[in-house]
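Two complexes, one shared chain (chain A), two partners (chain B, chain C).
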Partner chain A sequence: MIRCGIIGYGFLGKKLAGYLTRYKMRGLAITALANSRGYLYYPKGFDSDNLPADITGHTSFRASNPLEILERGLVDLLVTLTPTNVYNGEPGLTYIREALKSGVDVVTADKGPLVVAFRELTSLADSMGVFLCYEATVGGGIPVFSLARHSLRGDRILSIKGILNGTTNYILSRMHFEGLPLDLALQEAQMMGLAERDPSLDLEGIDSACKIVILANALLGADRRLEDVKVKGITQVTSDAILAAKELGMTIKLVGSIEGGRLSVAPRLVRLNHPLCVHGSLNAIQFKMEILGDLTLIGRGAGESTVSALLSDIEWILAQKEASRGGR
Partner chain B sequence: MRIRLTLGLTDRPGTLLKALEKIAMNGGNIISIVHNREQLTGGYVPVSLSVEFPSREHFERARAGIEEAGIPVLGTESLERRIETVIIIGSLSVDRLEKVFEGRGEIISLAFGGGSRSPHMRVMFSVNSEDRERVLEALEELAEKNNCVLVSEEA
Partner chain C sequence: MIRCGIIGYGFLGKKLAGYLTRYKMRGLAITALANSRGYLYYPKGFDSDNLPADITGHTSFRASNPLEILERGLVDLLVTLTPTNVYNGEPGLTYIREALKSGVDVVTADKGPLVVAFRELTSLADSMGVFLCYEATVGGGIPVFSLARHSLRGDRILSIKGILNGTTNYILSRMHFEGLPLDLALQEAQMMGLAERDPSLDLEGIDSACKIVILANALLGADRRLEDVKVKGITQVTSDAILAAKELGMTIKLVGSIEGGRLSVAPRLVRLNHPLCVHGSLNAIQFKMEILGDLTLIGRGAGESTVSALLSDIEWILAQKEASRGGR
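Our next item is the complex of A and B:
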């Protein structure tokens, strides 16, 4: 039995736990569910009947540092789903670092730790002989890293561009189609649960910039930080300016790009028939390959679709472990 | 890509032919040749060629070949112009905008919108291909200095 722990039992954590208990992947069992205040440990492994709706109020909840699940050796694989902190990567950074040091494989959707300490964490994983998978950090459920590493590995990536933030794409789409001003489109996005109460990371382009940093480090062998990205958000974009673009058969999109060593996020004019011109909360990522040419992936970049990426990483790790044990 | 190449030829028979061979070997299609005999400078006769190359790499190889053959390349200039549009959100003086294009391109049309509350200008311009990046960088710098946002076109 592979014992899995999940730190972060919010929307994503609950969805993931639900799918994992239903799918029963290769003998994986969820034995620990944790949040910043403590954890719930169930050595037999939770199943769909006893999966709690809330862990803090549970009678077996142990109020403690969640790192205790590592110190006590209660899990073999840890999933971290903590709030985004792009400035110091915490608390996710410590959870991931300690897990790797303990020889525990990690699957994460946390951008912060990877933006702050990508090389440190990947080197640590290598030296400990464990896996660190982060498909869910960019493009939600779109298989960006696995596709690039497996299906594109014989070719060479020349540049990467993308619509990497669903919130701003939704807002700009509403401005384009309905002529809404930005503040109204933002309120609508907040009412629909697409934007945070504090939307500044999205609107100012920081969230997209984080994803650009992760893409550059993971796929182009770079060692970049957030401060290496030239960032301009959409706060000054007006519906009149979008109308002016529309008259030319274009619209304005927040585009992140890695091109010729330059990392940037900025509002750009995009032709309506351009592959990156996706609307609503969709994400799109375009690779320019030396042999293949342009390849564009489009998909839902947030919410439940992210669980697909988490499951893919978990399944991949389990398959690798099975193969190494000769149980193919 | 279309390039104007100015070569310095010595007044000896066969020198031009050597250069033309290097161009042909790299897929260059010669559009015109102007031989300025009366402008003899430093012992060279400047010869101006307009050539269509399949790509910049082909042009660079031809140029290297010409120089290796001992023929100096006195100058190169892109004859390709690009027409682009940008939207500048915010308020900016047209004089300052025009300065960006001096010697590198020209503004084809300017359209203003958004009124005084949320002004923007749509700028259509033509620019020498090789100056495109520099013009966009200068526009971005100008926009930032004036608290505006430059929205340029995604290729």
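Our next item is the complex of A and C:
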């Protein structure tokens, strides 16, 4: 039985736990649910009918450092879904580092740790012989890393471009289609739950830059950090500029790119009939391949669809463990 | 050493052979090049400097049934790239069937055999313990099957939609953007080498229907054939109809779909800003997933990009063989 712990029991954590209760017969049980204030341990593994709505108020909640689930050896696989600080990677960085050091496999949706310490963490995972999977960090449910690793073998990625932030894309789309000014489009996004109360990481392009760093490190063998990305956000984009673009059959999108070793995020003119030109809160990622040419993936970049990426990582780990236990 | 034979030495076969000469140090050598009239056998394996421009005129060409390379046990892996008859699957069907029966792995770009005999061939491959890979049959280089199998685990495909034929999409795009009538757009496509002299399989939707059959059988566990697809081509689509659609922010595309067990190909209204709405000779495939929602892939559907799909299949077979020889 693989004992799975989840640190971060908010929207994503609850959705994921709901799906994972179905995995018990396949040998995976959720034995620990944690947040920054403590954890709930249930060695038999939660089922759909006893999965708690809230953990902190639960009678068995143990107020403590969640790292205790590692120190006490309560889990074999740790999923971290914590609010990410992109400058120091915490709290996810500590959770992930300690898990890998303890020989525990990790699946994460936290961008911060991978932006701050990509090579340290992947090397640590390699040296410990454990898995570190992070499909959910870029493009929500779009299987970017899995696709690049399993499905594009025999070809070579030359460059990557993407619309990687749903909040700014929603805002720019409303400016394009409704002629709204940026501040009104932002208010609308906030009312719809698509933007944070403090939307600066999104608007200033930092969130997109984080994803560009992870893509460069994971898929192009780079060793980059946030400060290596030339970043410009959308705060200076006016509806007049978008209107002018529209008259030329184009629009303005916040595009992240990795080309010839240069990492950048900036508002760019994009033709309306270009495959990358997606609207609303959609994300799009385009690989330029040596043989295949351009390959574009489009999907929802956030919300419940991210659970699909987490499950894909977990399934992959299960498959590797089954394969290494013998048989094909 | 894995000895690889290629039946079909036209544009694709030559491109593929060129790339495969690089695989010699990885344990794969091209030992046989064949067409319908015979074959060239070179046990040492062709290199980039002795790869023939033409095989039939070669001094060592053996005029014979190409199946002789199987009967004589000259190859371990067969790639078939033959002009496909979608009604009887030949000549690829016989080549593939005989290869699988001989315990030879198969990689193919031939749609016909998979449309006519999908279950027979996949069962035969399973029972013989060999691989049958067909990534190149749908969407050119877009890694449809690989993605669905390796990257969407833990989620479930509910339905599939796609623009699967580059020729008709080119014609409809020219009708949309330039207001050309269908016959002129077709002539243009023929001059550019995007349409066959007899374009009826494309225009009447048969080529798209073949791809829908393969997708349904491979990804949704169906057992369907061409006659199970409700097909309508684009021959009745007028520039007036496209103009009327354009005024509503839409256009007309030839869309193949698998929804609730119904397979169809027909001209459909598609919103211009819908992810599926790609132009020119691009292909697009959209999966509706249970958790992830809609995931769209866009890429070149034909030509050299197809080589990327063939190489991806070959790489996958190499990786499986390496894994089964021990080690991770």
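We take it that the second predicted complex is superposed on the first by the 322 of 328 C-alpha atoms of A that agree within 3 Å, B and C clash if a C-alpha of one lies under 4 Å from a C-alpha of the other, contacts with A are read in each partner's own complex, and residues count from 1 in each chain.
Everything that follows uses one rule, which is that a contact is a pair of C-beta atoms (placed from the backbone, for glycine too) under 8 Å apart; a residue touches a chain by one contact, two chains touch by 3 or more.
The shown structure was predicted, so the numbers you read here are calculated from the model rather than taken from an experiment.
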Check the residue A:A244 against both partner chains and state whether it touches chain B (first), chain C (second), both, or neither. first
With the two complexes superposed on chain A, say which partner A:V213 touches: chain B (first), chain C (second), both, or neither. neither
Once the shared chain is lined up, is A:I96 touching chain B (first), chain C (second), both, or neither of them? neither
Check the residue A:M289 against both partner chains and state whether it touches chain B (first), chain C (second), both, or neither. second
For the three-chain arrangement built by superposition, which of chain B and chain C touches the greater number of chain A residues? C
Would you check which partner chain A:R268 touches, where first means chain B only, second means chain C only, and both and neither mean what they say? first
Touch check for A:V255: first (chain B), second (chain C), both, or neither? first
Using the touch definition from the top, say if A:I171 reaches chain B (first), chain C (second), both or neither. neither
Chain C residues touching chain A in their complex are 19, 141-143, 146-147, 150-155, 272-273, 275, 277-279, 282, 284, 289, 291-300, 304-305, 307-309, 311-312, 314-316, 319, 323-324, 328
With touch defined as at the start, can you tell me which chain A residues reach chain B in the complex? 161, 232, 236-238, 240-241, 243-245, 248, 250, 252-253, 255, 266-271, 274, 276
Touching residues (chain side chain B, partner chain A) in the complex: 85-87, 89-90, 111, 113-115, 118, 120, 122, 148-154
